[in-house]
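One structure is given below, encoded as structure tokens.
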Amino acid sequence: MSDMRELLEAVSRGEVDIDEAMTQLRGYEDLGHSRVDISRASRNGVPEVVYGAGKRPEHLLDILASLQKHGNDILVTRLEPEVAAQVMAAYPSAEYHDVARLLKLQREAPALAAHTIAVVCAGTSDLPVAEEVCVTAEFYGNPVLRVFDAGVAGLHRLLDSIDAIRACRVVVVVAGMEGALPSVVGGLVSAPVIAVPTSVGYGANFGGLSALLGMLNSCASGLSVVNIDNGFGAGFLASRINQL
Amino acid sequence: MSDMRELLEAVSRGEVDIDEAMTQLRGYEDLGHSRVDISRASRNGVPEVVYGAGKRPEHLLDILASLQKHGNDILVTRLEPEVAAQVMAAYPSAEYHDVARLLKLQREAPALAAHTIAVVCAGTSDLPVAEEVCVTAEFYGNPVLRVFDAGVAGLHRLLDSIDAIRACRVVVVVAGMEGALPSVVGGLVSAPVIAVPTSVGYGANFGGLSALLGMLNSCASGLSVVNIDNGFGAGFLASRINQL
Amino acid sequence: MSDMRELLEAVSRGEVDIDEAMTQLRGYEDLGHSRVDISRASRNGVPEVVYGAGKRPEHLLDILASLQKHGNDILVTRLEPEVAAQVMAAYPSAEYHDVARLLKLQREAPALAAHTIAVVCAGTSDLPVAEEVCVTAEFYGNPVLRVFDAGVAGLHRLLDSIDAIRACRVVVVVAGMEGALPSVVGGLVSAPVIAVPTSVGYGANFGGLSALLGMLNSCASGLSVVNIDNGFGAGFLASRINQL
Amino acid sequence: MSDMRELLEAVSRGEVDIDEAMTQLRGYEDLGHSRVDISRASRNGVPEVVYGAGKRPEHLLDILASLQKHGNDILVTRLEPEVAAQVMAAYPSAEYHDVARLLKLQREAPALAAHTIAVVCAGTSDLPVAEEVCVTAEFYGNPVLRVFDAGVAGLHRLLDSIDAIRACRVVVVVAGMEGALPSVVGGLVSAPVIAVPTSVGYGANFGGLSALLGMLNSCASGLSVVNIDNGFGAGFLASRINQL
Amino acid sequence: MSDMRELLEAVSRGEVDIDEAMTQLRGYEDLGHSRVDISRASRNGVPEVVYGAGKRPEHLLDILASLQKHGNDILVTRLEPEVAAQVMAAYPSAEYHDVARLLKLQREAPALAAHTIAVVCAGTSDLPVAEEVCVTAEFYGNPVLRVFDAGVAGLHRLLDSIDAIRACRVVVVVAGMEGALPSVVGGLVSAPVIAVPTSVGYGANFGGLSALLGMLNSCASGLSVVNIDNGFGAGFLASRINQL
Amino acid sequence: MSDMRELLEAVSRGEVDIDEAMTQLRGYEDLGHSRVDISRASRNGVPEVVYGAGKRPEHLLDILASLQKHGNDILVTRLEPEVAAQVMAAYPSAEYHDVARLLKLQREAPALAAHTIAVVCAGTSDLPVAEEVCVTAEFYGNPVLRVFDAGVAGLHRLLDSIDAIRACRVVVVVAGMEGALPSVVGGLVSAPVIAVPTSVGYGANFGGLSALLGMLNSCASGLSVVNIDNGFGAGFLASRINQL
Amino acid sequence: MSDMRELLEAVSRGEVDIDEAMTQLRGYEDLGHSRVDISRASRNGVPEVVYGAGKRPEHLLDILASLQKHGNDILVTRLEPEVAAQVMAAYPSAEYHDVARLLKLQREAPALAAHTIAVVCAGTSDLPVAEEVCVTAEFYGNPVLRVFDAGVAGLHRLLDSIDAIRACRVVVVVAGMEGALPSVVGGLVSAPVIAVPTSVGYGANFGGLSALLGMLNSCASGLSVVNIDNGFGAGFLASRINQL
Amino acid sequence: MSDMRELLEAVSRGEVDIDEAMTQLRGYEDLGHSRVDISRASRNGVPEVVYGAGKRPEHLLDILASLQKHGNDILVTRLEPEVAAQVMAAYPSAEYHDVARLLKLQREAPALAAHTIAVVCAGTSDLPVAEEVCVTAEFYGNPVLRVFDAGVAGLHRLLDSIDAIRACRVVVVVAGMEGALPSVVGGLVSAPVIAVPTSVGYGANFGGLSALLGMLNSCASGLSVVNIDNGFGAGFLASRINQL
């Protein structure tokens, strides 16, 4: 409430113009093509994240300008390299992770959380999604333990790291093909497990459907699932749980 | 009936040739590759609209010539830019909307309808479909209220415009991913709601299936659905309802 | 390690017979038809839960006897009333929740957790699944806030309880049909959200597929999904997160 | 606003008790298992309609009591005959339509609308859904023109009634199997067409999927679609459009 | 039997070499990568047709050489233009239909059949498949009546030609989107109807699935269906029936 | 035209009442719940066939009365035994085939066609559909050759009858599971082949989808497909072709 | 060849009647409704197995009589208890396994194979399918090692038996839900692994689809898959491999 | 055990460095992006095979270096030609099969197995998958009989080679489209049959789904299935069975 009073006083003093005051009272800035949600941090704890796919570069730049103007750290997901290059030209301090297709623009490094998130993936081909999980989690200040290429066809690769995984507060498991790894991990840990199906595979994997269905039907308890290839979603949720 | 007599009298006077008379009596012009429906306006209220996808440019130009010869305003949907350029070369007064992929050729601006159509979309990536709705509705003379990027993850963006939306006679809601926005809007208005699922998303959206199923199963009443990405269909129907 | 020594000393003193010692060293009891996992609590934090569907009553009773003999509290999911009656006859102190189809057999009430789990459901027809979430969470000692029938077609029913929901540490959202509620809730809270699609609906809901896809493609962040109608899984995971 | 003042004055005079006042201010009555939306008429124009499937009879009766107490006319959809009988016992003035599986309880017959709704169905086996459309439309005061069993395999049956259909303001077309009828009707009228796919058929109709996909992909303009077998939804929307 | 004797006598006279004699006795020529079926005409009435998709050019040329050596007229389906160009270089008298993607190589024009095949298509975008039907039918010597772009959204275009269609012995109907045209035609003729679904459309047409399901579930009798976009199959079968 | 004059003269003489004259001029009788197509024989060669599934017995009886009154032979498909019994009570001369679930009512046996239809089925479990084909074909006067249980796992059973099959003018092949039989038959005959997938099988046959897809993708030419379990459709089409 | 001579000599001596001689020469007995494959053992090594589902009891009994007359051991799969009872009445020495729904009728116990088949299943609810594997394998004379309820949520249950499994020549793995067990087993053994998906599960298991897709996409090598719930097929194939 | 002692003695003598000793004790080498399974041969009989799709070239080269350092023969599957060229540059002795997209690097030719594997394919377009089977089988030392283009539309092409096929110990059958060939082969041989569905076809083959479902539902016994286009998997399993 006092925020509102302060804002109106600033308006009355001419320090904040009318449009900006309206934007702040509404909680979003209306760019015509987009309504940038500048009050998300107050509702959801963190600022709006920008979904990069299918946006025109000029719209994207408008959105980033709005977010930055209102003091938000920025994370853009699913950003193609060509568009990323345009953003980098405008924001030289931005960082683009080409494997994860994530762009981030943070004024300062986030404080490190007390607990660690384990990110386990089944195969080397799952790396882009697994890195999307990791970079997202790190963006929000979480230490990350990477255990990559530990699929069930060679269980000893997983078991060898299981103590380190058990020491983490949340476990994210990324797998394509049959998506069996989350069930196996779920049977070995007592932390919440977030399963990420990937579209890695061919034929009857039907673009990740096989891994998705496998994870949804897991016989292990304490496991939930995000969309196919949704590394960002898993990293975000893992961070949220890790920082409870 | 008197139309037919007038036509035949014109034939008898040699003012209309036999082929054209046959075309008018039949209600379509047969171009071999196409049967252009020149009597649609008398049956359906408005002239035939041309589906641009998958047509050879030479066929398309034949069809446009036939429609224009018989005095119809022209709207072409799903027209790729390269083909549009060929059409523009032949019809310099045509207008091409590259976001909406619509081409229109009208002799004069249509009379404005008394009521307004609200077009609400969930995200900036849904813009091409949302603009297809808007441009179509405008082609038929409807004022349009655009409320873009008002998805459910930041409800205040929608609620802030809800009074303006409620003042409209028809509401079109465009959304991809989970397609939840039409249900929310449907619960807040008493106008008919036309829901347009888009293919925006990835993984388990299966090309728009998730949004389509979401909208078909909406718990809100007074809502119906068109095909995935079918902005034209929604704009056309909205116009029809708006002008009742 | 000292556990093993104690066990072997007890064997040497004749206090524990060989078969039981083997069972404990192996971590499971082999009943021929089943291998009861008596070491799950040590790996996963809580004892094995029994999946009741498709098991013959005589097998089920064997399994319960084995679990009880090894000192485990018991939870049976998806148990049909007729089979439950047979179990109740054998274990009069068991409790059967007919809405949730859960049977529980606990020696004493669990200690109450410090935080509360919110369980929100969209419609009255989702009650069986919502109650399965609640009873499971309560079995593990979690206080539960029930907000039932708060679907998006009447948003004020949700908004009226949103402060109470925001005060919870984890939120479970149960919905059938289009499954839009988790997205809306996800946009309003900063806690982790577990989405449970239900098979409530008809026609193009395809047994819960519409709600499942809707939730997997949610535009809200911080949300993950369990199997259709999997109230137990959501309650279990919510408990795990709530007690971190 | 004056409503709220009146309400509070009634409270201060002791004419309305506190619980009821809270219910009215909140806009819903909380029955624990259900949150009855008593403010829907003010938002959506008409009171909440009760989805009958999957509700326990005792819950259903609670909901009906709440709706009636707050002065709403009542419509229950997808109500099985056995449950309907229990409701009829409690509300002798209710009316149950067994073909349409609808129950209605109206204090007085609604005023008749100025325009008529045409309800066309393809086959005799589609009757239950077609009647659900009709009875719903009549519940809201709309005159209805029934054209039943006019499928495309015998087009003259449709063409014979086409003038009467054209005289209506809205057309609802109900069809199973290949769902071709809405396209044909859509090509012959200038009114909005609401298409209702039914699950009538077998084999590769996959529970109505064939008719649903057929209607969504219609080549006719001015057509939208509701869920498979959703006669209520179509009747409700038709009424909304008819009374614009 | 006398064929075999003649062949062996020719071998004994040294007029036919051993390999060729074995090929003829076996009924196929083994090229290693392919077993060219040179006895198909004696079993099926017409020689083997070559499926062009997915074959390496060098394999395709081998196959054509073998077919020609054994005196067969040649038809290649689904042949991409680049590969067709290579074939044309080797066989200058071959004819390539680029719309239909068919290549044919006939020593002389086939005798004309006594009856005509009607080929009706719904839209101009269905032309490639419709032409594949026509060219195939003509390859086997059938007169063809083309009625193109006669979809159900403008029924008069079909009705205007219905007498000519009724005069044909077989009717092939090609349609994409909702695939309603075969049902309508099927209700108006007494000839066998072969329905060809096309992949024309977008969104919920799922690559032709909507048209396919529509046709399989047709309420009209006397209709059967071939694979999506299988113009060759329909033309072949139509020819077979037409020449009974 | 003279038919119409005769009819009107009969009306003028009072021999035909007004309602009946209207019915005949319209070409259908309107029973309210149904529009019985009494002019189908003149359009399609044979009278309307009644789809028995999902019709109320009283409606069915009305329809049969109307058909009989206008002099049509009657065939009812997919008729459950209980309803058939009610029909038999009203029409003692009707015949019900319980395996094929067909009821027929013919004034006299049809004249026998000159050619024979072969009906081949893969397994004994496909019998109900195969008999539906046979009885339908016989209803229209076609001699039928039955070759049952000749599936591809024991090819000699088919080859032993192949000469008899080759002597037929049309071949219907009925198969469930993988639906391979039509391809094999199609490779051995020069007659048109109608393939009927059945729902026989389990698991990944998905209600007949496996057989349906197998037949649609057949590598044999000259083959077309009807709906899963649509024995009537295949028998009807076979008759139409057989009597060309 | 000498078989044929012996047969004909027996005919000439009047010891074998003409019909039986024809049956033997043809390799099948034609019962009208069925063509019993009496020569399968000579082609495939073992006699025809009878698929019990969907067969009328009288047909089934005819088939069994024919098989027995020609000296075959009999196995009937997917036989419902009621039909089994009828068979048992006719063949008192037959044995019915009600869990596996298999009936067998062997003149003498088969000779035992030198190697053992391991049958591993994931959960107790998979027992019916697992027993179908075991009983089938035993019918053909294979020793069987049963390792039941060894799913991946408690890996130690599997690892404890892994040496015994490794000592087998073939491994069959039966699992429902996510179907992860075959991948894990496949990573630990060098024998061929046959994976059997079951329909155990609910929701997004879609009748066994999840387990099926999981197994088809397994990252382990040396693994192949049979139909959902096809215990017989797996047992049969395991026997074939085990006795190589 | 003595292996471990030898290893540690080598460490103590300084002949093996600590990192390498740890790698060998763990059974895998951790490259960060990958955990190369160097102990697979001891568990599964043969070394790890590298799945080439979706791996970055630099990661792939790291993996190959690790495998080679530890003395493994190398097989890379699904390797695109551009990446293969990079590998060939680094390993000039490697061999790349462009049809099969396999790369192999063997120190010496494997010893030849005593038995032969038959690889049968239905059409020339299935060649890439069929060759993947063959080259894999040959990599492991198996003689291979190739019978290519022997699909069911011309059965004599198969029957002509059936004796040679019957002489093999294992049969692999590769087919696209309807996938009928494995059923036919399965009915003619007594060896285990491995069926490989391919994605060859179009329209309703849905990327190989038709062939996959056909093979899973085969009426022939003794048959199992691998993933669509999984030639490697079939060749690997065939080798495993062939060398039992």
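The chains carry the letters A, B, C, D, E, F, G and H, assigned in the order they are written, with residues numbered from 1 in each.
Following the convention adopted for this analysis, a residue touches a chain if its C-beta (ideal position, glycine included) is under 8 Å from a C-beta of that chain, and two chains touch if they have at least 3 such contacts.
Computed from a predicted model, the values in this text were never measured in an experiment.
S.K.: Once the contact rule is applied, which chains count as partners of both chain C and chain G?
M.R.: A
S.K.: Taking contact as defined at the start, I'd like the list of chains shared as neighbours by chain A and chain D.
M.R.: In this structure, the chains that contact chain D and also chain A are B, C.
S.K.: Quick one: compare the interface residues of chain A with those of chain B and tell me same or different, with half as the dividing line.
M.R.: different
S.K.: C-D versus A-G: which has more C-beta pairs touching?
M.R.: More C-beta contacts join the chains of A-G.
S.K.: Report the chain whose CA-based centre is farthest from the CA-based centre of chain A.
M.R.: F
S.K.: Could you give the separation in Å between the centres of chain B and chain F, each centre being the mean of its C-alpha atoms?
M.R.: 42
S.K.: So the centre of each chain is just the mean of its C-alpha atoms; given that, what is the distance between chain B and chain D in Å?
M.R.: Computed value for the inter-centroid distance: 28 Å.
S.K.: Please work out the Cα centroid separation of chain D and chain H, and write it as a whole number of Å.
M.R.: 59
S.K.: Quick check: what residues of chain B touch more than one other chain, meaning two or more?
M.R.: 43, 51, 123, 153-154, 187-188, 203-206, 209, 212, 216-217, 219, 221, 227-228
S.K.: Between which chains is there touch?
M.R.: A-B, A-C, A-G, A-H, B-C, B-D, B-E, C-D, C-G, D-E, D-F, E-F, E-H, F-G, F-H, G-H
S.K.: Chain E touches which residues of chain F in the complex?
M.R.: 43-46, 49, 51, 169, 187-192, 194, 212, 216-217, 219, 221-228, 232-234, 236-237, 240-241, 244
S.K.: Taking the touch rule as given, give the residues of chain A at its contact with chain G in the complex, in rising order.
M.R.: Those in contact with chain G are residues 122-123, 151-155, 177-180, 183-184, 186-188, 201, 203-206, 209-211, 213-221.
S.K.: Please output the residues of chain G touching chain C within their complex, sorted ascending.
M.R.: Contacts found on chain G: 123-125, 127, 146, 148-150, 153-154, 156-157, 160, 200, 202-206.
S.K.: Going by the contact rule at the top, pick out the chain E residues touching chain H in the complex.
M.R.: My answer: residues 26-28, 32-37, 39-40, 43, 48, 51, 53-56, 59, 63, 78, 197, 199, 207-209, 212, 227-230.
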